[in-house]
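Heads up, the next two complexes both have chain A, just with different partners, chain B and then chain C.
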Partner chain A sequence: MIPCTDRIRGWHIPASLRFALLIGVLTIARPGQESTAQGSETGIHVAPATALDTGIATQAVVEVSPTGAVSSIADGIRLVRPGGRVVVHAGTYREPMIVIDRPMVLEGEGWPTVDGEGDRELIRIRASGVTVRGLRLTRVGASMTEDRAAIRAMEVRDCTIVGNRFDDTYYGVYLQSTEGCSVTDNDFAGIPHASEALTGNAIHLWSTRDVEIARNRISGHRDGIYFEFVRNAVVSENVSEQNMRYGLHFMFSDSCRYDRNIFRHNGSGVAVMYTNVVTMTDNQFADNRGGAAYGLLLKEIADPVLIGNSFVGNTVALMADGATRLIVERNRFTDNGWGVRLMSSVQDGRFTSNDFSGNTFDVSTNGGSGLSAKFDGNWFADYRGYDLDRDGFGDVPHRPVRLFSILVARYETMLVLQRSLFVGLLDAAERALPSLTPAALVDPRPAMRPVAGEPTAGRSAESALRSTRVHSQPSPRAAG
Partner chain B sequence: MTSTVLSSVGSSSAAPATAPHTALKVARYEISNIIRSRWLLAYCAFFFLATDALLRFGGDGGRALLSLVSVVLFVVPLMALVFGTTYLYDAREFTELLLAQPVGRGRLFTGLFLGLAVPLSLALLLGIGLPFAWHGVGDNAQMVTLAVLGGCGVALTLSFVAIAFLVAVRTEDRVRALGTAVGIWLVLTLLYDGLVLVGIALLSHYPIERPVLALMVANPIDLARVLLLLRFDAGALQGYTGAVFTQFFGGAGAAIAAGILLLWVAVPSLLGLRAFRSKDF
Partner chain C sequence: MVLALVTLSACSQSAPREIAYGEETCEFCRMTITDPRHGAQVQTAHGRVLAFDAIECAAGFALTLPESEIRGVWVVDNGEAGRFVPASGASFWRTSGASTPMGSGLVATADGQPPTGLTVEVGPLRWEDVLELVKVGGVRGAAEPEVRRDTMH
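Up next, the complex of A and B:
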């Protein structure tokens, strides 16, 4: 706020107006405070008055259980004082959408189930400083008209959604205009046997900032993690697999980090679009196969940095279409159809110390002349040069773009002639006397042996996940 | 040796009930004969050394297998053709001797065919298999790939020995027959793919995936190559065009492919047999 008032002071605004502006800014910045004022959405629970419901929220801890004095979660929330705790005991709770309107902890013990019976959202967070933990959330039915979510946080700060299980849910967690929230250690299973149109996103972020998404296990959704207009997110150690469309899909989301995640067997892999400053480190992109499947698709991106990632068994491992100042370092491209596919719209790409092995095509391009990409010190299993001075780098430059890959880019059916003796001769002739392959795409100093290092990252994410699961299976972690 | 096989052939042919065994007897004799030939030993040693070197110096088994595919697709048809043609000429005197006995031509031809094809297949399987047994196979997927490679190698051996026999039976002159055999090899490995490549470039505006699929299935070397491609380049083949192939070979196509490889064994050997029956020695 201080910078704001400073700037306002700089403009010589009268003191009274300045005060009014300050109040206005504060109100906008803390929208959670006024949430109760606009609680007119459909489905908000208005409980009938009971003996318990004295209208005074004084209790620090409220116990909710199907057979106890307080038998609905909504009643529990009404009774707890701000900053208190509602402990939900095992059982199945079917009640209208639960609105959390005060800072508090909502905590399950023995995996209580909140059942939406296929027709409503389950929990809506309308206050800052809310924690939801240890619940099983199920049966949020698909809807063509609204994006129903198991947990939706709207216009709040500092919400924590940790260690919950979501199954048969349309959208899982939906953060909308939030700040400083975290979504960690959750399981998302999606609606079983649904088509792409009838599944939502497991973690959906719209216009939020300072988010942490960590150690979630996601499958069976449309997109595993979806970002739109997000700033400063850290996404780490998640496993997102078997989703209909993308394991991770983000647009217009600058300054985000993605570390040690695993994205595999997704319909179309991972797509990153219209974004500046993306850092992806030690992730694993595996087995994303199909006509439009990419391990990682970069589209209209500035300053992306890819370090230490593994790309294994994808149709196209890394597709760059309109990427500026792309830095690709110490990644492993193994057993993919196409290792790196660069469109001519790539500007100033740098590929350093990456390993390429077992790919049908290590590097390919659509042959445009506008492409500018530098390769230096990469290891290509196909490299046939020698190293007389024994410095670990080959003395003959390597051209990773085969003539055949250019032919296949033009006439795709030719792919079936791969590994034919005739094609081998064509490639050898072109390698000896390059005329068609782009002269710019050459590694002047190819490494003689793998240089990217061991793919430990993916495994660590998986083992970290496994250990947290072991701890959280019997009972959710005790309240903090 | 010849005398023993003659006496056994003669005695068995005297008893019609055991007649089918004649082919096996000829085959057994030819196998025992050919196993001692230096060419076969060299052939086996070549695969053994190549596989061993690839496993030793080429890194993991997957990459060794990948290199082996090119070697097998290149060497097996060529050597089967060359061995096959020279073998029939070398066995000419033996053939004439046996034909003077009451031995059916069909049985004799079958015996000669198995007598070469079986040792060649065994030499290939041993040459590739032993080093893998030695160094160990990486995982199940590699095991399957190795099996597909071995299967394709054996099918190619049978088919190209049959083609070689057909050529040798129909050509009097040994050098011309060899020339024809090498010509067939050149057409099927190089020219065929070159023509397909040009054809695809010329007709790229038409939906040619299925015709190309048919062309690939029609050439035994290409068919074997595509079957192996499905194991090594599965990622790329699941792109736009490749999907036609993965669908085909994922479904009934595998059976069709096996059937067509069998046809490539059956048709040349039947044609060769017909020529052998009517040949005036």
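Up next, the complex of A and C:
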């Protein structure tokens, strides 16, 4: 490359043409570069630097190690040519914030540590087509005035953050105005013993589109995954647990999908807020407990679809407030305090073929008259009817809303009477002569046995994580 | 008689209360209130004091009531986490850098000075401006990236 550049210089051809030729040479000489559009774009960006820096950014692979010729990651990046690879060997790297300004792969071997010493961001991606893998990123201190992240991608496309370990980091990965990025197979551990106020989000997305978030293991943050103004995201097979606020949190993010994730032991499981068209399939919402803990909170949302999810052991499994055209099919609500809480602001809810068992209250509402929800063919373990025509569905409609649950919704302290004889009588009387429970909330065709099917979510997410943990350690490569 | 007067004046007094961060939920958006650098309270004519996680949530709630039914609105002074000051006398700033609970970047200060450390995009605004902002686009509109990139004026 250096001779090429010199020869071009020597011809005394116009600068602009020389520049174009240089880009051409760079593009052709670059191995494994798939996107030519992207290549030329970044070529323009990098070529002048090549000439000015006496042509040093020419290496396809740069090896960085604490004792080697190149001992800082920043120097490694300066030396690598666009589309090349910087291999970082084991050791601890403490250097000013690393800026990746060209398409390249930054890859750790033997888990090198990038240490922010508590006062800075670690890596900032400012070029499209960047991959970061195999690094341990640590000590990104909390800050009152900036959302510091271990890796921040800003205004770029096609970044890949795969197989890294984050610990003691305020924010983990922050995608800001990006397109086509993926965050997969990473571990996020958060700041140990941090107060709630000084904990950031493990994966934070703002004004971003076309993202894949998969097979990450996340704990110890404020929100495990946080979306704000995100479009077309797919979130799958992540395990997000023991986060202080939510395992997954959507704000203002339309047309997204999440499936086969596990959300457990979070302050609350998942919140989907002020958002349209979200599909939630085969997830597990488990053990999200506390005074106001939800497995899933839907707030001001249109066209949400829930299929095949499991809700187990939550204070409130599903809370819907301000939901329009809500579709809930083949979900399992098991051993929760409240199974489904519907506020009167729910419009056109459809509950079909769900299983309800072991919940203190299967379905409850605040008793408002605006609520519209249809139940059909759901299985309620509490159902006391019969099936004379043997079609698998009870011949007597089932009212899943206990009178007592309405009273509790109005006067929370009445909950102490839950096991009392009086409440038992009250519920029995209401069942015989319904008077206060909403007439709309009735399943005319309750199933006689479970209909939702077996859960698939948890197992696949766990096993996906197990198998990817093996791959997340980059395989040893020959030097050069 | 005196006793009755004292009792009456005690009842009519409007004052903010402590918020149990990490436990209480926002009356408007139902999110858990976790960050003591943010938050707001509204006291209704009945004397109930309701807690909110963010300034725009309090505004959204206040807009649902006639003005006569609101006895007071307080917001957290960004300079002192957990300290509530009357919204009517506070200065509001749209900031960037550190995210706010509902994404709008709105913070309040009691002394009229811009918040320290944060980048101010717009400000100072008055409480009425905040109400107008939320009235126009809701809490989502208040946080829209397009809105945030433009200046409001």
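Odds and ends about this structure:
Throughout what follows, the second predicted complex is superposed on the first by the 414 of 480 C-alpha atoms of A that agree within 3 Å, B and C clash if a C-alpha of one lies under 4 Å from a C-alpha of the other, contacts with A are read in each partner's own complex, and residues count from 1 in each chain.
Please note the rule applied: a contact is a pair of C-beta atoms (placed from the backbone, for glycine too) under 8 Å apart; a residue touches a chain by one contact, two chains touch by 3 or more.
Since the model is a prediction, treat every value here as computed from it, not as a measurement.
Model built by superposing both complexes on chain A: chain B and chain C fit together without a clash.
In the superposition on chain A, A:W338 contacts chain B only, with no contact to chain C. In the superposition on chain A, A:G291 contacts both chain B and chain C. In the superposition on chain A, contact of A:G76 is made with neither chain B nor chain C. In the superposition on chain A, no contact is made by A:G116 with either chain B or chain C.
Judged by the touch definition given at the top, the superposed model places A:Q418 against chain B, while chain C stays out of reach. By the touch criterion defined above, A:D321 reaches chain C but does not reach chain B. Legend: residue contacts after superposition of the two complexes on their common chain; A:G358 is shown touching chain B, with no touch to chain C. Shared-chain residue A:F229: touches chain C; no touch with chain B. Of all Cα pairs linking chain B with chain C in the superposition, the shortest spans 9 Å. Touching of chain A by both chain B and chain C, each in its own complex, is seen for residues 290-291. Here chain A touches chain C in the complex through residues 143-147, 177, 196-197, 204, 206-207, 222, 228-229, 244-246, 251-252, 267-268, 271, 273-274, 290-292, 297, 299-300, 319, 321, going by the rule given at the top. Every residue of chain A that touches chain B in the complex is listed here, in rising order: 289-291, 293, 313-316, 335-338, 357-361, 381, 407, 410-425. On the side of chain B, the complex with chain A involves touching residues 59, 62-63, 66, 69-70, 73-74, 189-190, 193-194, 196-197, 200-201, 204, 208-209, 212-213, 216, 222, 225-226, 228-229, 232-243, 245.
Interface residues of chain C, counted against chain A in their complex, comprise 21-25, 29-32, 34-37, 81, 97-99, 102-103, 116-118, 138-140, 143-145.
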